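Both complexes shown next keep chain A, but they swap its partner, so chain B is in the first and chain C is in the second.
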Partner chain A sequence: MTLSLHRSTRVADPEPGVPGRPPWRSRLYALEGRTAPYVYVAPFFLVFAAFGLFPLIYTGWISLHRYRLGSSMSWVAFDNYAWLFSNPQFWNSLWKTITIGILSTVPQLMIALGLAHMLNYKLRGRMFFRVSMIMPYATSVAAATLVFGQLFGRDAGAVNWLLGMVGIDAVDWRNGDWTAQIALSVIITWRWTGYNALIYLAGMQSISQDLYEAAALDGANKWQQFRHVTLPGLRPTILFTIVVSTIGASQVFGEPLIFGGGQPTGGALGQYQTLGLFMYQQGWTFGQLGRAATVAWVTFALILVLVLLNTWLARRRERAA
Partner chain B sequence: MHIPSPRGRRTVALAALATSVVLAVSACGGSAGGPAAAGGPVELTVGLFGTFGYQENGLFAEYEKAHPGVTIKYESTQSDDKYWPALQTRLTAGKASDVQGIEVARISDVVTNQPELWTDLRETPAGAAVGGYVDWKEKAATTKSGAVLGLGTDIGPMGICYRSDLLGQAGLPTEPAALAAQMASWPDFLALGAKYKAAAPANSAWHDSASGLYNAIISTEQKIYYDESGELVVSTNPAVKSAFDIAAGAGQAGLTARLEQFVDPGWDAGFGSGTFATIACPSWMIGYIKGKAGDAGSGKWNVTTLPGGKGGNWGGSYLGIPASSQHKKEAAELITWLTAPAQQVRIFNAVGNFPSTKDAITQVSGATDKFFSGAPIGKIYSDSSTSAPVQILGPNDGVIKKVFSDSLLSVEANGVAPADAWTKSMAAVTQQVG
Partner chain C sequence: MTAAAGITPPVVRPRRSSGNGSGGGGAGTSAGRWTYGMLTLTALVFVLPFYYMIVAASRPMSEMAQSPPPITPGPLLWSNIGKALAQQDLPLALTNSFIVAGVITISTVLLCTLAGFAFAKLRFRGRSQLFALAVGTMMIPPSLGVVPLYSLMVGLGLAGTLASVILPSLVAAFGVFFMRQYLVQALPDELLDAAKVDGATTLRTYWSIVLPVARPGMAVLGMLTFMTAWNDFFWPVITLDSANPTVQVALGNLGTGYVPDTGVIMAGTLVGTLPVVVVFLLLGRQIVGGIIAGAVKA
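After this line comes the complex of A and B, so read on.
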């Protein structure tokens, strides 16, 4: 950038007195100077346009059509949206997305905070623990879900076996309404806690050690240090993880799909059918691409609203503080 | 940065265009060459789902050996519900394989909604084979104008597979004939289930799932979700309601193991562990049961006819040639050979997929199976296929079937009242199909 700017100034005002180059040549230089910056940034914008903006807009366009997989599109204006908002299955999947989101995000972030706090102390084998934090995140969704699916099995699952040891009857995790959501939330929490813990840990290490020393001198114990030094220092990091987790929660897809044996129905009652699964089911089970695109756009709008809400809340708190 | 002048803006646009052209050209670098020259070596691509048994039993290799110059490139997707949507996008893009498998629940969709995407086999070397099938098989693959779009592989005649050891423990008959004698109808079958429940070991249910039972009952009907004119009759057909009620009743009475077929890992495990004593089994499930029960299950399983000796059909497939294929003649020769009676018999003996040609059915009618305690599976399944009604298929059969499966699972596993489940199913069908 600096280079091109420098060049453009040089070419724009040719030094007086120097015998002039032919005019077409200087004009060419001028042109290059003016356009070069755009060419340099073009690849990003082109890739973004091709893989970000265009699919977004085209999905919106498809959502205004009736489009069955394997046939052609026909214009239906907002029929798909009317269909969606009058479909109880959509409201169910929206609600399940929210409940699974809360069930998984809240414990996930709290555990991550606790773990990060512990790892922030000088600890024997600290490196080992830090690396093992990231292991679940490095595991593939499919593998993790398959294993957890077995653990939560009704007839021969390890979880029911453990519950049986303390005298609790076997739970039909998969088919129950809340039990299936809890099982899924456990998988999601297991996978993402370590990732968030590492982000918190990084945030914590940027908090000055002096603050802790000062707090200790004032007689603050570990818990008070955590509440009054760590938490305020981490506020931007926490906000970041909440935003990212909220977006992640609204897009949960792989876990419930594989937990449901590859079927996007999310159980007999749709008890773990998230918006992602509902969209997939419309598009790929029923071949209704127009309806699937509608779900995609509504999900997008929802995420946008959530993020804006988050930012607004954060600003308000900052101003209040 | 200054704001570019109009001329500058034009050059920017030009530069952007140039960059995108470069990107586009480089993206196309990997594409393959055009169609092979006539008479030269031919590569046939074959795309299937599940277990057709061709690759597994060396049929492709044998065909390549007998036809120098022909190589077969085979790919398979595990289940039809993943395979079919992917095939749809490839079909519309003209990028489908030379040979593609079609499940029977999809054939009506192919025949009514996309005949232009498939090859009429009457115009190919496969045309001569069309006459050799059981009556309904090729009729289902024929369009209104008479074009034949698929050559049948297997059909799915029905039986009841059961654990003779578990039935014996509960004091029920263990021999196929003796058991069949006590099951004149579906209510009889459930009465036996009630007896079993009273005497059976804990954690062992009579039947695997309500939806399995429903599919078995409905498999014996001629008119299911559509009538002869192609009208959707799901809400008014008494046969559907009756099958639903029987299956829901069994689920409510605790006669089922509440395991979703092909989805719940507990279902797979149940074949070995005995969580259920009976399962309605189309012939293609024979191989599946063997695989899941393992060697330890050999001799414990047995097969008998459906209650009342009724005939039925559940599943079976076709091989079709997409219209975009560059090697229609060679592909047609391949599918003719694969579906010829001799090969159908081999596949039946290897994996249990029941033949759909009359010749092959005669040849396998004496077959017995050691794993299933020496049961006369050839006779049971060929009897079922000859007495099966000619089912009326419709383009949304698969979608509707799935709605009922979920609905019945909610009755057995979540305690939803059958009447509510029925109302919800009807709403779901209207929502999705209507």
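After this line comes the complex of A and C, so read on.
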């Protein structure tokens, strides 16, 4: 049976039942039509169940066990949690995750919003500007961190050389507490700002032009149009990027690992050890997989709280508006 | 799934063609000198690190430490690349990365198009709920399950193999979402009705009608998937060791020497970054269009 798309043949066919077929074939055909959709979406759900959902839930179970690499699990109830919550290293990494998260996410999204606004003008060479936005996004964490690791070098780094031009003494980026966090935040911001700008640009393009014209008729200037038309129109997009960035910030791992020369300590004093790095250190440097699972589960809880908080704040603002 | 499932990615339908349309926030006005200046500065910030990579990769370490640092490429590019290739077995790493990213891309694109087709055009019970579930899974960070995932791979005897990197990424929620959005718009219902009238099975329809129509969307998804797989770091670092690395794992090790040679590190970084960056430069227009159409973070 060849598949013909010509209108004439279509008209010639009397009805969808396909005439001239034995009934079992029709039944088989109908069966295929009923079951096929489930078969088509099944690979996704199977892969997710096996490699996404199951590991996530099982992490919670492992966190209640003592589990070393290469040995079997033994039940310890909440010992790992007691150990974790009394461990200053955990609180340090939690705090660093939060500060690096804020330092990288807030400027990133604000700059992205400004960039999107500018990209939305009638521009000559707009494709050049747009493509340049995603070049950092195409760069891997490893490559970006290696390059910026050199730029932020104490003695030979280009950043210190630039600072020297305006009379600022060389900064020891890696060994300072805040300076290391700022350097890492710069790397993260560099990689993600352009991408988020494109997301905002997409949102801006779906805002109706009529709204701007109406606002202009009411005498709104450019800034008022941005505040009262663009921002409200972008609200779902902004909420989405905040949620995604929050989740991303809780996962920061490769940047501090490579920035510290492959050491999971996050600097001599743990000044940039994130939760991801702490988990990796417990599980794969010390072989304490049970403790690593505990860190992961606590991170998951943290993400849930943050996402709920974000959504709740957004809902409240919406009701207030 | 989680509470996050309540937040679905904003579905963005560009009102205008993104060809040479007018600005929105700027309400169709042309950009001023200030805007061009700021955008050019930003573009420089985004692109200059690549240039630094080339300069540093082609000079001896001592020269990069000078003040002011050199701003033009030097003569040592090939020798530094040679050293980098020797130091971390980059040829093996590149081969591994091509295998991993290639298999993941083919599988993801085909399976996501299949699922996206079902969600976009086939009628079945539970369709919208299942789709919401699939989108909701995007909010779950995959790195939280690495401990069981790692023991699973050890149990299967796959830890350290490329299969352990490939298996979890055979199909992605983002791809399902992306292809569904694409096919809702790109695939006319009349075409499907015609196939049905002709008695084509859905699989036949997928093969002869959906795939040809979906090709542009598949190409964009393919490039984004390849890039993501090529750049993936966290899980490969955990499951692979330095004897059998992907490019990213090898790059991570490149920076760990006691006396790191900046030229060699940058040469290795250049080699590991080039494949994706070249694709992005050649097909940047399509990728930007795809990101704007998908408007969701992978």
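Here, the second predicted complex is superposed on the first by the 273 of 321 C-alpha atoms of A that agree within 3 Å, B and C clash if a C-alpha of one lies under 4 Å from a C-alpha of the other, contacts with A are read in each partner's own complex, and residues count from 1 in each chain.
We adopt the following convention: a residue touches a chain if its C-beta (ideal position, glycine included) is under 8 Å from a C-beta of that chain, and two chains touch if they have at least 3 such contacts.
No experiment lies behind these values; they were computed from the predicted model shown.
Peer 1: Of the partners chain B and chain C, which touch A:Tyr212 in the superposed model: first, second, both, neither?
Peer 2: A:Tyr212: touches chain C, not chain B.
Peer 1: What is the contact status of A:Pro256 with respect to chain B (first) and chain C (second): first, second, both, or neither?
Peer 2: neither
Peer 1: Quick check for you: in the superposed arrangement, does A:Ser71 touch first (chain B), second (chain C), both or neither?
Peer 2: Touch partner of A:Ser71: chain B, not chain C.
Peer 1: Output check: A:Gln89 vs chain B and chain C. Expected answer is one of first, second, both, neither. What do you get?
Peer 2: first
Peer 1: When the two structures are overlaid on chain A, which partner does A:Gly101 contact: first (chain B), second (chain C), both, or neither?
Peer 2: Neither partner.
Peer 1: Touch check for A:Trp284: first (chain B), second (chain C), both, or neither?
Peer 2: Both chain B and chain C are touched by A:Trp284.
Peer 1: Check whether chain B or chain C contacts more residues of chain A in the superposed model.
Peer 2: Counted on chain A, the partner with more touching residues turns out to be C.
Peer 1: Just to be sure I read the superposition right, which of the two partners does A:Pro43 touch: chain B = first, chain C = second, or both, or neither?
Peer 2: both
Peer 1: Touch check for A:Gln150: first (chain B), second (chain C), both, or neither?
Peer 2: both
Peer 1: So which positions on chain A get touched by both chain B and chain C?
Peer 2: Comparing the two interfaces on chain A, one with chain B and one with chain C, the shared residues are 34, 37-38, 43, 45, 47, 149-150, 155-156, 261-262, 283-284.
Peer 1: Where on chain B does chain A make contact in their complex?
Peer 2: 1-2, 4, 8, 11-12, 15-16, 19-20, 23, 79, 81-82, 85, 88-89, 91-92, 113-114, 117, 203, 258, 260, 262-266, 269-270, 273, 275, 399, 402, 406-407, 409-410, 413-414, 416, 427-428, 431-432
Peer 1: Name, in rising order, each residue of chain A that touches chain C in their complex.
Peer 2: Going by the criterion above, the answer is residues 1, 3-5, 7, 9-10, 13, 16, 18, 21, 29, 32-34, 36-38, 40-41, 43-45, 47-48, 51-56, 58-59, 62, 67, 114-123, 127-136, 138-151, 155-156, 158, 161, 164, 190, 194-195, 198-199, 201-209, 212-213, 216, 222, 225-226, 230, 236-237, 239-241, 243-244, 247-248, 250-251, 253-254, 257-258, 261-262, 276, 280, 283-284, 289, 292-293, 296-297, 299-300, 303-304, 307-308, 311.
Peer 1: Contact residues on chain C for chain A in the complex?
Peer 2: Within the complex, chain C touches chain A at residues 2-4, 6-7, 9-10, 12-16, 18, 21-31, 35-36, 38-39, 42-43, 45-47, 49-50, 52-53, 56, 64-65, 67-69, 111-112, 114-115, 117-119, 122-124, 127, 130, 133-134, 137, 139-152, 167-168, 170-171, 173, 176, 191, 194-204, 206, 208-209, 227, 230-231, 233-234, 237-238, 247-248, 251-256, 260, 262, 265-266, 269, 272-273, 276-277, 280-281, 284-285, 287-288, 291-293, 295-297.
Peer 1: Mind pulling up the chain A residues that touch chain B in the complex?
Peer 2: It comes out as residues 31, 34-35, 37-39, 42-43, 45-47, 50, 68-71, 87-89, 149-150, 153-156, 172, 174-177, 260-263, 265, 267-269, 283-287.
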